[in-house]
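Have a look at this one before I ask anything.
Chain nomenclature is as follows: A, B, C and D, assigned in order of appearance, with residue numbering initiated at 1 for each chain independently.
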Amino acid sequence: MADVSNAAPVQRHEHPTAAIGSRAVRYLAALFVIVTLNFLLPRMMPGDPVMNIVGEEAYYGSGEVLDALRADLGLDEALHVQYGRYMTGLVTGDWGYSYLYLQPVRESITLHLRWTLALVLPSVVLAALLAALLGSIAAWKRSSRTDVGLSGAHLLIYSMPHYWLAMLLLFMFSFKLGWFPLGRATSAGASELPYLIDVGWHMFLPLLVVTAFKAAYDFLIVRNSVVSILGEDYVLMAQAKGLSGMAVLFRHALRNALAPLVTVTAIQFGMVLSGALLVEVVFSWPGMGTLIYDAIGARDYPLLQSAFLIIAICVLIANFIADVLYPYLDPRTR
Amino acid sequence: MRILKPVLTLLAAVALLSSGTACTPEQPPTPTPDDPELPESCALVLRVGTTRDFKSTSKFADYWYGVLSNLTTHDSLIKLGPDMLPTPWLARDWTISDDSMTFTFTIAENATWHDGTPLTPRDVQFSIEYYRDRDPQAGWMQEIIESVSVDGNDVVLQLTRPYGNLLTEFMTYSIVPEHIWADVEKPLEYQGTDRVIGSGPFTFVSWDAAAGKYVFDANEDYFQGVPNISRVEFHVYRTMDALVMALSRGEVDTWWDYSGEFPYTHVPPLQDSGEIDFATATFLGVPAALGFNLDEGPTVDFDFRKAITLAINYDQIANLVYAGYGTAPTYGFVPPTHPHFNDDVPRIIYDKEQAAALLDSLGYVDSNGDGLREGQDGRNLRLTLLTRGDMPGTLRVTEMVAADLRAVGIDSNVRALDSSTWVATKDAKDYDLVFFRATPWGTMMHASHGSGYFDSRRTGAGVLHNLDAAEYLDACDARLSTALPEEQERLDRELQQLHYEYLPGIALVWIESLYPYREGWNDWTIDHIYGGVVNSFSWFTVTAD
Amino acid sequence: MRLASHVKTNRLAMVGMIILWVFILGAVFAQLLMPHDPWRHFVPFMSPSVTHVLGTDDVGRDIFSELILGARVSLTVGFMAGLIAVGIGVLVGLLAGFRRGYLDEILMGLTDVVLVIPALPLVILVSVYLGPGIWYTILVIGLVFWPSTARVIRSQVLSVRQSGYVESARALGAGDGWLMRRHVLPNVLPLILAKFVLTVAAAMLMEASLSFLGLGDPMAKSWGMMLHYAFARGGFIREMWWWYVPPGVCISLCILSLTLISFSIEEGSDPRLRRALDR
Amino acid sequence: MILEVRHLSTHYLVRHNPLARFGHRDHLIRAVDDVSFAVTAGEVFGIIGESGSGKTTLARTMLRLCDSTAGDVLHRGRSVFAMNSSELKQYRHSVQPVFQDADSTLDPRQHVGAILEEPLLIHGIGDAATRRQYIGGMLEQINLSPSFLQRHPSELSGGQRQRVALARSLLLNPEVLIADEPTSGLDPLVTTQVLALMLRLKQDHGLTLILISHDLETVAYASDRIAVMYRGRIVELSGGEDFAQRASHPYTRFLLGVERRVPEIPVLEGVHEHIHGAEDGCAYANSCPHHLHVCHSISPELRETSQGHLIACHAIAPE
């Protein structure tokens, strides 16, 4: 509740959870700017997408054929016309045609987004669970050898370049030991249960890397908040009342650590998403990261725009959910 | 605890849901039947690894699948034989009129499409017209081809002007079935599943984008006989490292890349494995080449270009970047594998002193003693080196050339760009020296022998189009308009000599290409254009122990 | 300063400081420390030996010398990009937090926009546009990494602004400039420092990622570029761990030391900062 | 008339997050509601009220540290809210606050020397030597030795901090000192010391003092006139000497301990609760043992019932 005596010298005093309505407006504004940026940025880049279609060795004499192709793809129109068409297309669900993947953009995006989510969502959940467990153990046994070991290990992982660790694992477990495939998401041909097992087998290493990095970050957050909560009076009281260690840990400490954890997970969703890009490239995982990387190389405007947009929307949604959830999760703002 | 439970349940639900996303089996972009079981008796499967970036099964839209389909599912009229001569294929014979204006192809009688429909001369006529009208890559046909007609088993091409390179060009255009493509307005966007149907030695079976795998089965009814291999699979790897691991672990049997050379840096691990053999052939293209800006800057001066060519340590490039498999080139640009190689054109030598003397004589001297030469304006001589940032081998070569130039007192500004930006910058002539590569096919295009890269009238993504000397353009035109072998030989030799005299660019190295394959596979045929041991000829020669 | 003494008493921070100083000194005195000219070609693919402690790379360059030179490039990129990012972030954060009103709304709206655009793809995109070049890399990373600093600084400014001493100074007749200079800035300085250190780490990581994807400056041999070459030119497949492990270890150690230092700055300053840094 | 407050109101709008808690409406807090009084030069004007009664907001509004919703504050007849920045600076030179909780009003990063030098620097008074001299003299007046100059606020006791804060305000030689709970948080002995010091300084410097406190004794001890605030309004205003005798507003009498009140709503909760509904009517009506029907619908105005004695109450007829 607002504390009048400390109120800022402005007339409108905002509730701590802030007016979500105005936040929503801001997110919409952000979305608009992103959409516009999405449109402009790729078009500001040098390089002609038509060149990528016709290939390195093409001989195009008079250039008429190229112009016809350009007209076919709508690239010859004035920028504002293209912009208008882009906007209507977005709204109506027509996201254009990918010159690179040679299918409607929406299809390639959903196809790749699914693989990325298949990698990222379990990672996020696993990482949160792992971090909650290890983080609270470390905080509980603060300054013990367990704590130092756990914190050190997580800090170390936190400090490594993703792709480097991914490469080391690929080399060790896929190449040297041969336990896992050398990349890709499936071996093709299987279906039903064997298919699932196959995907899981392919997924293990990339999942491990993405989870490890997310967990390393989460661990530090859980540990810090549990440590600070363990020092608070009511927790000490609970202990004094004779509650067992585990009960105190779970009833009070971990519960308080959940708020920052969930918030950070939501806010970092975009970071994890784009962070998975490098891991995807190492493991030839057919996800959004690979898609974006290829699309940039080929100057595939519609694909680039839509891929960016999708990731940005994911991040916006995650942020918005975090904003809405926060007051419910954080006991202090209740 | 009360709050913990719902949150944990939520998390578990998300976990289940997300694994659910993975559970949904992927819909391949093209509906494909499950791989049919191969009969045990004749199951000779060749698994080929590649790092080429395939996206689909559209031979028109996907450049790399287009190349792959020419090896497997589709046939061209003629092919370039291992002896570098045109070899009959779908056209069992052909004649060229004396004026090089009329080409007559006699089509093989017993060819059929994979769906059982016979392949007729009408299909050939349709294909040529279809490429001419619909394929942006075949724009040249609109200018050259006057008419295409069918005469019994013959297809007759009437040209608008004499064109000597038609046979070479036709090696890359495969014949497509009229009954499938006749109604397709936009071949680039055609999604029909029958777009994979051709007449080639293999039939398309499946493409799994998630697994990066193409499967082709032998065409039992192939007009040239059944291939020795009953199934060929192409496995796509994103990195060369993964591919080499797959090779040494036996996941694939050999390597394929169109017009690429196997990286020498990756050879020793394969040699060490003891299970990989290598076929060797002189590379038809130029893996590292240097072009000059002939319009502005100090490189406009022939002597300056000459000085640069003298300043480069070619043996070092050959030894360090190409692991000793390279040799110093001649000024003629293309390697000796090419027919009509002109060995009268001198080899390029590395002579720092001569380069320095030449630069001195041009007025570029180091007067302030900072180790760098200054131009007439008193400013340091600093050349812009345009190179490809996405090609580590080319980058290494660029680094070495930059170091060599520094050794003779020339400072350089290296701009390493991705392919698209490189093309834009190159076309804007925003460089002094430009690093590029010539593919085997590239050295044969236009008036052949690399002229396609230098003729100023050409445009294209990979070409420099920097030389506009009348003598050179005339030679190109003359070569283009004759199909007479003696005349072609004379002009081929002249073009190589002109490369020396005008110096629009030089090869930095010629190389021996290595093609790895697993022990136990024998009798490969080497095809210079289509990439080493995996080619249309090998299908009928290769054997396995 | 209390902060300095705190860092001194914190053992982990000391370790971080020592590691960082080793790298900084290595970078500064690279010319003296390199056993060989890093551009000279020896025999390629040599194993470690007495003359070449970490062997040679694919074109015969001494890897140990390259590693030392790499410290210079990587740290330069990290610190310069960090400086730009934190500079912009502090400016935006101070302005937004201090001025409030429409300026605040606009600046924070902008911050949200930049914050929400996924950093890595954006940096890749802009890098492709600008072309590789160490200064472009620095600029791009700097232009992408400022929003989190801006947000944190803004919220800290808001809390400092509402504090009694700022109110008092205002009542004494102090103008905005004075308050900013004398009270707000000194009180957000530790936070700025902590954010700077973290941003440097993030920038180094980003540079390494860019280089790995082949978008780095090939003529400026950073650790990321070394890794790129190690992977692209057969070091990895030839199991030359002495080529691809050291640059990775160096990057990790640098980031580790920076992280330790920033944690310690956080702990040593106002407890409110800890919450502010969470975001 | 050195400082005059005319129908001053300061309201806060507290917005509720509709998604966070459904069904709660935004509400208005009338921290200061139609307050008027005038302070003459040289007097000590006391304002008394419980926490939450709007005293602090009143002080801050008078100092223009927050904007008013309605009404005006006049300094020597000039509207404080109409001043431009240089006039405002001048105003702040002559009207100085002393806030409650000196702990938070002193920048923890500055030592006492810097804290005391700040007002002089802001107004560009003297060179370094004169400033040191001023500060030295002021330290003497507040009974602190020069060694304190190098100390940080955290190294001082509560009384010492309050004295430093006082010294800082006095260094500008103001006409008016607005002291908001200057003794809160101090133990009784120190409270007396600080108060005595303030009165002595008032005498020495010829100050006008506005003394704001929740502590009746403190205010009664020092003030020439006393205003009683309840929920943003002044309910009674009278002379300090016979304040206790003349006090007649039910709330004032409650404060003096001569009358009970109906213990209906805890005071702090009430601040928010009363805001929702009744915009009109006496705020004290629900707690008032004498409340009339009219008290719930019409808020009583502050009327002069006798010479120098103003009361806002329907139940008390003018004399």
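Throughout what follows, contacts are C-beta pairs under 8 Å (C-beta built on N, C-alpha and C of every residue); 3 or more make two chains touch, one makes a residue touch a chain.
This structure is a prediction, so every number in the text was calculated from the model and none was measured.
Counting contacting C-beta pairs between every two chains, the top pair is A-B. Comparing the centres of all chains, each the average of its CA atoms, the largest separation from chain A belongs to D.
Chain centres here are Cα means. That of chain A falls 38 Å from that of chain B.
With centres set at the average Cα position, the gap from chain A to chain C is 21 Å. Centre-to-centre separation of chain C and chain D, using mean CA positions: 49 Å.
Centroids built from CA atoms put chain D at 53 Å from chain A. Among the residues of chain A, those in touch with two or more other chains are 8, 10, 45-46, 281. Shown for chain C are the residues that touch two or more other chains, namely 128-129, 231, 236, 239.
Across the assembly, chain B contributes 239, 245, 390, 418, 421 as residues in contact with two or more other chains. Remark: chain A residues 45-48, 50-66, 68-69, 72, 97, 99-103, 107, 111, 114-115, 117-118, 120-122, 124-126, 128-129, 170, 174-175, 178, 182-189, 191-192, 195-196, 199-200, 203, 250-251, 254-255, 258, 262, 281-282, 284, 286, 290, 294, 297-299 touch chain B in the complex. Residues of chain B that touch chain A in their complex: 1, 3-4, 7, 11-12, 14-15, 17-19, 21-27, 29, 34-35, 53, 55-56, 58, 61-63, 136-137, 139-140, 142-143, 186, 188-189, 191, 206, 208-213, 215, 236-239, 242, 245-246, 249, 251, 390, 418-421, 423-425, 439, 441-442, 445-446, 452, 458-462. Interface residues of chain C, counted against chain A in their complex, comprise 100, 105, 108-109, 112-113, 116-122, 124-126, 128-129, 158, 161-162, 201, 205, 208-209, 212-213, 224, 227, 231, 236, 239, 244, 248, 251-253, 255-256, 259-260, 274, 278-279.
Residue ranges on chain D touching chain C, taken from their complex, read 60, 63, 65, 85, 88-89, 92-93, 96-97, 99, 101, 103-109, 118-119, 122-123, 165, 168-169, 172.
Here chain C touches chain B in the complex through residues 39, 41, 44-45, 58-60, 128-129, 131-133, 214-215, 217-219, 228-229, 231-239, going by the rule given at the top.
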